[in-house]
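We just call them A, B, C, D, E, F, G and H in the order they show up, numbering each chain from 1.
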Amino acid sequence: MALKGAIVVDTEKCKGCGVCVANCPTNTIALSKEVNSKGYNYLYMANLDNCTGCTNCATVCPDAVITVYRVKI
Amino acid sequence: MALKGAIVVDTEKCKGCGVCVANCPTNTIALSKEVNSKGYNYLYMANLDNCTGCTNCATVCPDAVITVYRVKI
Amino acid sequence: MAEKILMKGNEAIAYAAINCGCDGYFGYPITPQSEVMETLMKEKPWESTGMVVLQAESETASINMVYGGACCGKKVMTSSSSPGISLMCEGISYLAGSELPCLVVNVMRGGPGLGTIQPSQGDYFQATKGGGHGDYRTIVLAPASAQDMYDFVDLAFELAFKYRNPVMILGDGVIGQMMEKVELRPSKPRRTEAEIRELCSSWATIGKTADRPANTITSLALQADVQERFNIKLQKKYAEVEANEVRYSTYKCEDADHLIVAFGCMSRICENVVEIARENGIKLGILRPITLFPYPKDALNALVPQLKSIMSVELNAGQMVEDIKLVADGRVPVSFYGRQGGVVPSPEEIYDAFVKTIK
Amino acid sequence: MAEKILMKGNEAIAYAAINCGCDGYFGYPITPQSEVMETLMKEKPWESTGMVVLQAESETASINMVYGGACCGKKVMTSSSSPGISLMCEGISYLAGSELPCLVVNVMRGGPGLGTIQPSQGDYFQATKGGGHGDYRTIVLAPASAQDMYDFVDLAFELAFKYRNPVMILGDGVIGQMMEKVELRPSKPRRTEAEIRELCSSWATIGKTADRPANTITSLALQADVQERFNIKLQKKYAEVEANEVRYSTYKCEDADHLIVAFGCMSRICENVVEIARENGIKLGILRPITLFPYPKDALNALVPQLKSIMSVELNAGQMVEDIKLVADGRVPVSFYGRQGGVVPSPEEIYDAFVKTIK
Amino acid sequence: MKEEIIIAGFGGQGVLSMGKILAYGGIMQDQEVTWMPSYGPEMRGGTCNVSVILSDNKISSPILSKFDTAIILNQQSMDKFENQVKPGGLLIYDPNGITRHPERKDITICKIAAVDEAAKIGNAKAYNMIILGAYLKKKPVVSMENVLKGLKKSLPPRHHNLIPMNEEAIKAGMDAVQ
Amino acid sequence: MKEEIIIAGFGGQGVLSMGKILAYGGIMQDQEVTWMPSYGPEMRGGTCNVSVILSDNKISSPILSKFDTAIILNQQSMDKFENQVKPGGLLIYDPNGITRHPERKDITICKIAAVDEAAKIGNAKAYNMIILGAYLKKKPVVSMENVLKGLKKSLPPRHHNLIPMNEEAIKAGMDAVQ
Amino acid sequence: MDIKDIIKPENKVYGRTPLLKDAILHYCPGCSHGVVHKIIAEVIEEMGIQDKTIGISPVGCSVFAYNYIDIDWQQAAHGRAPALATATKRLMPDKYVFTYQGDGDLASIGTAEIMHACNRGENIVVIFINNAIYGMTGGQMAPTTLLGQVTATTPYGRKAELNGYPLKITELIAQLEGTCYVTRQSVQNPGAVRKTKKAIQKAFENSMMKKGTSFVEVVSTCNSGWKIPPVQANKWMEDNMFPFYPLGDMKDR
Amino acid sequence: MDIKDIIKPENKVYGRTPLLKDAILHYCPGCSHGVVHKIIAEVIEEMGIQDKTIGISPVGCSVFAYNYIDIDWQQAAHGRAPALATATKRLMPDKYVFTYQGDGDLASIGTAEIMHACNRGENIVVIFINNAIYGMTGGQMAPTTLLGQVTATTPYGRKAELNGYPLKITELIAQLEGTCYVTRQSVQNPGAVRKTKKAIQKAFENSMMKKGTSFVEVVSTCNSGWKIPPVQANKWMEDNMFPFYPLGDMKDR
């Protein structure tokens, strides 16, 4: 049984610190080239398929802008 | 060779606390019945002959009012 | 008739605190006011009314404990003497800036520095113009007897909560150390949790419930305009205090040609000066400001037209005299007589000084 | 011509300290003045002049380090901003009470409490009437430019040693944070041990030698009469300071019908108000007190007869205006315009307020 | 009636509590009273005094420079207070420890060797009560009944058993002066 | 001559140092200058501005409510400062990150896409120098020579090697506007 | 499986706790304060004690903690939070009272207040954010700054002779009779975050058991003050702070 | 042999050091302060450093130390002596600088100042008179007051829940990196006095060797505050204080 996950990022509140990226075990996420209205390169799911929904990214996010979803498949 | 001692007390500065008396190994000293001008029962040599000049009394005196003399006999 | 007990002004503060439902006292020993905490510790109010009494590690800690307690809508207080009050300046500024009710008692001694432990009124400026930074005011009550010390505690808490503002009782070594008869007032219970919730739940930190947004006690505003709006609100409150809370008494002012203004212990001593003056055919009266902030400007102003002179008598180098001059505004000569460093002048001495000013 | 360097007022304080032979700086970070210590730490004067620079654990510690250093006849200083200065109130009272020379810099921010870090002049009362307890005074210098910040450091030490009294430079966030050209003055070496011995051996704690009795720095006197004699001596000294050390400047006062009194950054801003007024045919001038204690009473007094109005312009709720009124003494109407909480008014705004007062 | 008294001696002679009993006595007979001590740091050995006022009317100044009565228990206090007795007033003193006796002629001077009296009744702690007795004999400003009431008020209940002993000492003091 | 400038954007865009170089340039040509920053706590992300005055005469008020020139680098600053440009004045802005372009008709408005220009010369850090160039092109209040002298003064010696690169960026900025 | 099918309420496994208010945290990107705020909010939520919890914020970057966690807050003067907490807890013993303090606030100006509150055994929780610097005022040296560390007031690196030694205040606190639980944690990776959360929960629980003071140090980063980007800052912390400030429980009674 | 023959200058074996001024100490009879003053004066005399020694007196009974020991003195604000000493020593590194502080002064209001001066390793000497009470102000509880001990502010005896625990501040000080010598002594008998004197001398010597702070605690009596006569007070101290505050060196580098 595998886990499949997805995250939703509140991009306006993301500050592009990259701490989540460094803690993602599946290389799912990256910082965008674009900036939000605060001038930050916000987080997005670069490799949609990789995410296992492990919640690591959300756990370490200082701004609590990541919501994690997971299903068992 | 024995030691013989004597002390001189600055009776006006003595406060009659008795700490010296408690620390004299030879029971030489005592507090007077009379008071000095500050109202204290000052120290005196009650048993002149006992003193060995060991300096204990002077060492513990908080008011540094005892001078100790000693001769070897 | 209520029982009359012989007690020091400092003891009166302690008994009054227990009696008027004070919730907490936080203090640090300093002469001449240590009897306040000592009396509380002897009385163990935590076993009777539930009042908390704590010896803090310093005056800085004391005033910040008061800050914490005041945040909770509790009736809390501290007491100290001049150097200790200086250490509270930051804290008092915070309390005023956070609009918190509390009582600070200063039993003044001679300064500056370590000074002397003898009576003084050298902290008038500090108390009335703010020892701490920024534009704030504390309501300042000046007791002249042990009974005042007793009565002003309850009054102070009433005013503190009415205006959500620190109140200071500005006594001195004479008033703190002297024993007099004190008549005890009927006792008030401490406020219950429910009463506090009712009275203070719009601001106090008593636990955020679902029916209201979280309360925050703070004196911080990063934006200048936000801070300014707050400052203006504060000033409005102070204006209201000035309009409503002036307290003073007069003695033989009806026909007075000359006026002594004096507060605290000096107002009593000056009553004897009035007797001497009147024996000598001089119509002298006394205005005693009971609140130093708000200052009894109107009362003084109303007397000015009938007066030939005003003399301020203080245990300092001349502080309240400035507030008198601001009211007199050039219409009548204002002089000053004071002793410093803990020396308390006798009525005769003051009379002699007074006579010189009118010659 | 000496080099002119672009620097913040805060940096100017640091460079001036090194340059005028300051022996020690003790401080604690606080906005908007942290650049003072940061600049000193960058410049490492301990390697050049031998000046000691130490980050203390608090403002309380800082001012007491200053106390210790001042006891040794050294040129020592601290700097802080409003809440930090409140924590120094006890220490400053001790310094004054022990007649010690030192420099305290207050780069004022908006209060009360934590307030805002934006510019303010809300600590005028605290600085001039004594934030601490007891009757003491600090000499207070009010800079209006980075150059003033630079120049006043040396001046402050001169005055501090001349009168053995703490001197305060009372700046604000504008003056501290603004960069301007500063002309550096010829540098003075730190005093040598021999010079200090020569100058201060009658009082400083530099080691008791056989040729003199031991020196004790203290502000304590148990007997009230001893303390009073000391207090009277202090007051005499302050009177001397008032007689000799008043500093102020005037701007277009010769023909002025109206006067603005303003200090620090506000005195500069008000120069623009004068321009606007004169364009509108109103003869307005400015008196800028440079020393806030001693206050330029005589200068102001001399102007009163020619004036139709005086307005005090301050970044607070109205503090210096009291000192103006005490001089005006009812002879000319005195009004007040102020902004608070860190808001700095524009010349236009002040002009509008001024015009209303003379209508 | 108004009586202004200074009581002065060493710390430890019971000066303050003597004043307090007197003040409480005044309260018992419905008078106004003030009790104003000299106060200092804790360290023992210094002098110590208290001024007490008993009055039928409100008391203005609790700070006095002239007294109706001075009760003086050591030399320093003699030096300080002898001249502060009002003409016609009373000076009571214990000659023990006094090196210069009072010289004024315009006041009543009364000696009470209270140390000796205390030794007589075998209670050194009753020293101040003996002095009080001497004073009350000279100036019965407070009745014995009210003094005892005052004593009761000023002592904590656990010391009420000492009241009879104090009464005895007061009486001894009364008897020791003319 | 008197020029009153506001430079406003995010912290990190080099707003303060741009102002500083300009101020130092003024000093190099013997003018009076003031440089007054908005200041706040350290936390990143807020807006940040500095007003600079260059003047041949003594400068009274360093606090301004109207400016000859506004250099605007984000939307918040546009909202705040567009209306504070004096009639006939100059508004320079970087359209990058601007959602509402300036609307005033009584002032000169000048766009400079400095982010793109910086990318072109391959040096994102030179962003503020490009803006400075654009400004100096529009208002040559300080000569290039004095700007470079100012740069030298405002950079610590160990960074003097960066001056040529900065000069290049200023020139690129000059070229990027008409 | 399409992402749309995953992102459904019933599949949510982690989200922002409602105890965090909607505001954008004013902290710098990557700042540890945010993580600690979040887990405090989660603990309060999970324990169901929102209406019983009083927070006391310091002077320091986290002065504005009150804007983020949806409980009643007191904002203390610099260093004095333990004094406020003492009074608050003694006057309302049925409340959970915690202070949140930086290293400048707690270990420098507030040394006396924290030592004495802990020594009295006040039944409060202390959360101590040790980022080895003064963040708010622009990166000056803190008592906990490491030797050699560059700050605005130690531009050449902290030197013991000039600036004193880094202070292990937590080790001292652990020895005070009044503390019942003293631990040092961090929040740079998911495991660390979870441990810290557990520690904070335990501390809150202790405070109702009259066991004394619970003290949770969180070794943290201040990337702005350190002038190191967030991810590298976490690495720097592991490499430099952890050897000097080793993680783990120091006391648990 | 007649006493007259013994009392001759050449036979003098112990007398008042000339470093003690002629004044009568204002201390209560039997107070430990006097003994410690005396041995400090002796050490300074014996080391020949009168002209190089600066003393810093506290606020407490010993505020007047400057009236007794014939050296230059600074009188510090309550608790702040270590701050004065820090500046004094840094500005005049060739001087011997010592503070003399009571337990209220050092361990209560002055906690932050003593901890930080010691942690910075200031090259000063600290003499700490622990008499477990506030002597000067009339016998209130000190941080070092024992549990159960009766004082003016703990009239029923100190209770941990109400008044906190007695603080072993010297144990904490010993752990600070900046201290080189930390010892606890007493002065109730000749042997103890001699040991304390040696400790003080060593502390003074250390301060010129740039080894850091030397800290000498003297467990003392306050017979007035304790309301126990002097001789019994010494006994009470041995029976009650020594078990909790054991004598001896805690650190000697």
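Just so it is clear, a contact is a pair of C-beta atoms (placed from the backbone, for glycine too) under 8 Å apart; a residue touches a chain by one contact, two chains touch by 3 or more.
These figures come from a predicted structure and were not determined experimentally.
Student: Under the document's definition of touching, what chains do chain B and chain G have as common neighbours?
Tutor: Of all the chains present, those in contact with both chain B and chain G are H.
Student: Between C-H and D-H, which chain pair shares more contacting C-beta pairs?
Tutor: Counting C-beta pairs in contact, D-H comes out ahead.
Student: Could you work out how far the Cα centre of chain B sits from that of chain E, in whole Å?
Tutor: Their C-alpha centroids are separated by 37 Å.
Student: Please tell me the distance, in whole Å, between the geometric centres of chain C and chain G computed from their C-alpha atoms.
Tutor: 39
Student: Report the inter-centroid distance (CA atoms only) between chain A and chain E in whole Å.
Tutor: Centres of chain A and chain E (C-alpha means) sit 87 Å apart.
Student: Mind pulling the residue numbers of chain C that touch at least two other chains?
Tutor: As it turns out, chain C has residues touching two or more other chains at 31, 54, 57-58, 60, 83, 90, 94, 98, 113-114, 117, 218-220, 222, 344.
Student: So which bits of chain F are touching at least two other chains?
Tutor: Residues 40-41, 45 of chain F each touch two or more of the other chains.
Student: Chain H: which residues touch two or more other chains?
Tutor: 27-29, 31, 63, 75, 77, 108-109, 111-112, 116, 136-138, 143, 163
Student: Give the pairs of chains that touch; include all such pairs.
Tutor: A-F, A-G, B-E, B-H, C-D, C-E, C-G, C-H, D-F, D-G, D-H, E-H, F-G, G-H
Student: If we count contacts the way the header does, which residues on chain D are in touch with chain G in the complex?
Tutor: Touching chain G: residues 28-31, 34, 37-38, 41-42, 44, 46, 54-55, 57-60, 83, 113-114 of chain D.
Student: Under the touch definition given earlier, write down the residues of chain F that touch chain A in their complex.
Tutor: Spelled out, the residues of chain F in touch with chain A are 10, 45, 74-75, 97, 99.
Student: State the interface residues of chain D toward chain H in the complex, per the touch definition above.
Tutor: So the residues of chain D in touch with chain H come to 23-24, 26, 52, 54, 56-58, 60-62, 64-69, 71-72, 74, 76, 90-91, 94, 98, 204-210, 214-220.
Student: Would you tell me which residues of chain F are touching chain D in their complex?
Tutor: Residues 20, 23-24, 27, 32-37, 39-41, 59-65, 153-154.
Student: Using the touch rule from the top, collect the residues of chain G that touch chain H in their complex.
Tutor: Residues 108-112, 115-116, 119-121, 143, 160-161, 163-167, 171-172, 175-178 of chain G touch chain H in their complex.
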